[in-house]
């Protein structure tokens, strides 16, 4: 009966990509722990970049001026 | 000082229905555990059906092709 | 497919009281929104009173010196 | 590697105010526990006042008829 | 900068199994959305079976008397 | 009526440090948004290092072999 919550920034994830996340994490819980997919629940939250911060700075600002320690693809 | 988070799919819950959820769960915590309603906080999250998955499939697809194991009314 | 998370302070809720919370909130979601109990998931978190604060003060301290604005039974 | 989730009612917090929350809570975790800002993640959720309840009543209604026990500024 | 929270019942997941969950979901977010593993954070919560309910019944009871609609392996 | 959830690894935060987090974040919400401390609720979750992962690796392993990109104090 697992419950999984995935939070990502709202930056254009497609319906197909979200479907792949749901399918993939449900499969992972079945593979690793034998959890029943029928009782595995996945919720994806997409969060505005103004509302997500790392290193004390909103992601909106990090996207404009990416610091060197933060690699691309994050 | 309970905190309750209710997550449902965004499929048209009305303001009145959400009021009933808030009232009902606050009453339940008072009835069962004697919790003070004034410090009971309820937050309802409505989640897009593309962003909610069960059995590895987004709810958007389950609504179109409901599997037999999933009863109506869910 | 609702998911409900109930957070309460760890102050001796019994197994029977927790059963009543699970049963009651599942029934509430069925009554108000017609949600299927079989896909309704409830998780109760019991939190140490040192780790829960209200009005900027840990509940451990509020229990020793309850402020007048905070009624009994909370 | 702290993760902080701040939930507030959606009542007009500005981008600058949200930036201050992100900066302030990241600094707090550094001051109190020595946590590295680069691995401190903050997510702010803004919740509709119909979807937030206290004392069993949605905030939308509390705003119209504020009870005496609830001070202004909340 | 994804954040993933996995909730499972506390029924003996090993350190190695939890490592596989952390590795697998981080890889999934990299594969599907190109998310940087260095800023992907995973938190696993293990919940007592008395504190987790489905179909209005605590998992502790479901384990003793599994209903026919709930397959094994969940 | 803010609700704040702070998740940290369980690595010896003291009762006094947790009190400072509760006090500090409540003050921050009052300073930035004018939120009433009496309805500000803070919950701190301490998570075992086996159950927290970053970069696809449990914190337990990162503590033994800290990667160069991860600064001390995290």
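Chains: A, B, C, D, E and F, in written order; residue numbering restarts at 1 for each.
Basically, a residue touches a chain if its C-beta (ideal position, glycine included) is under 8 Å from a C-beta of that chain, and two chains touch if they have at least 3 such contacts.
Owing to the predicted nature of the structure, the values given are computational and were not obtained by experimental measurement.
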### Task
Enumerate, in label order, the chains that touch subunit E and subunit F alike.
C, D
### Chain located farthest away, centre of subunit C as origin (C-alpha)
A
#### Entry: Superposing rotation of subunit A relative to subunit E, computed on C-alpha atoms, to nearest 5°
180
### Task
Averaging each chain's C-alpha atoms to get its centre, pick out the one most distant from subunit F.
B
### Residue-number overlap at the subunit A/subunit B interface, same or different (half cut)
different
## Note on the structure
The distance between the C-alpha centres of subunit C and subunit D, rounded to whole Å, is 20
### Message
Can you compute the centre-to-centre distance for subunit D and subunit F, using the mean CA position of each chain? Integer Å is fine.
### Response
15
### Task
List, in ascending order, every residue of subunit C touching at least 2 other chains.
1, 3, 7, 38-39, 41, 43, 52, 54, 69
### Query
Line, ring, star, complete or other: which describes how these chains touch one another?
other
### Task
Any two chains that touch count here, so list every such pair.
A-B, A-C, A-D, A-E, B-C, B-D, B-F, C-E, C-F, D-E, D-F, E-F
### Summary
Per the touch rule above, subunit B residues touching subunit F in the complex are 1, 3, 39, 41, 43
### Message
Touching residues of subunit D toward subunit F in the complex: what are they?
### Response
1-9, 13, 17, 20-21, 24-25, 28-36, 38-39, 52, 54, 59, 70-74
#### Entry: Contact set on subunit F toward subunit E in their complex
7, 47, 50-58, 60-61, 69
## Note on the structure
In the complex, subunit C touches subunit E at residues 15, 18-19, 22-23, 26-27, 37-38, 40-46
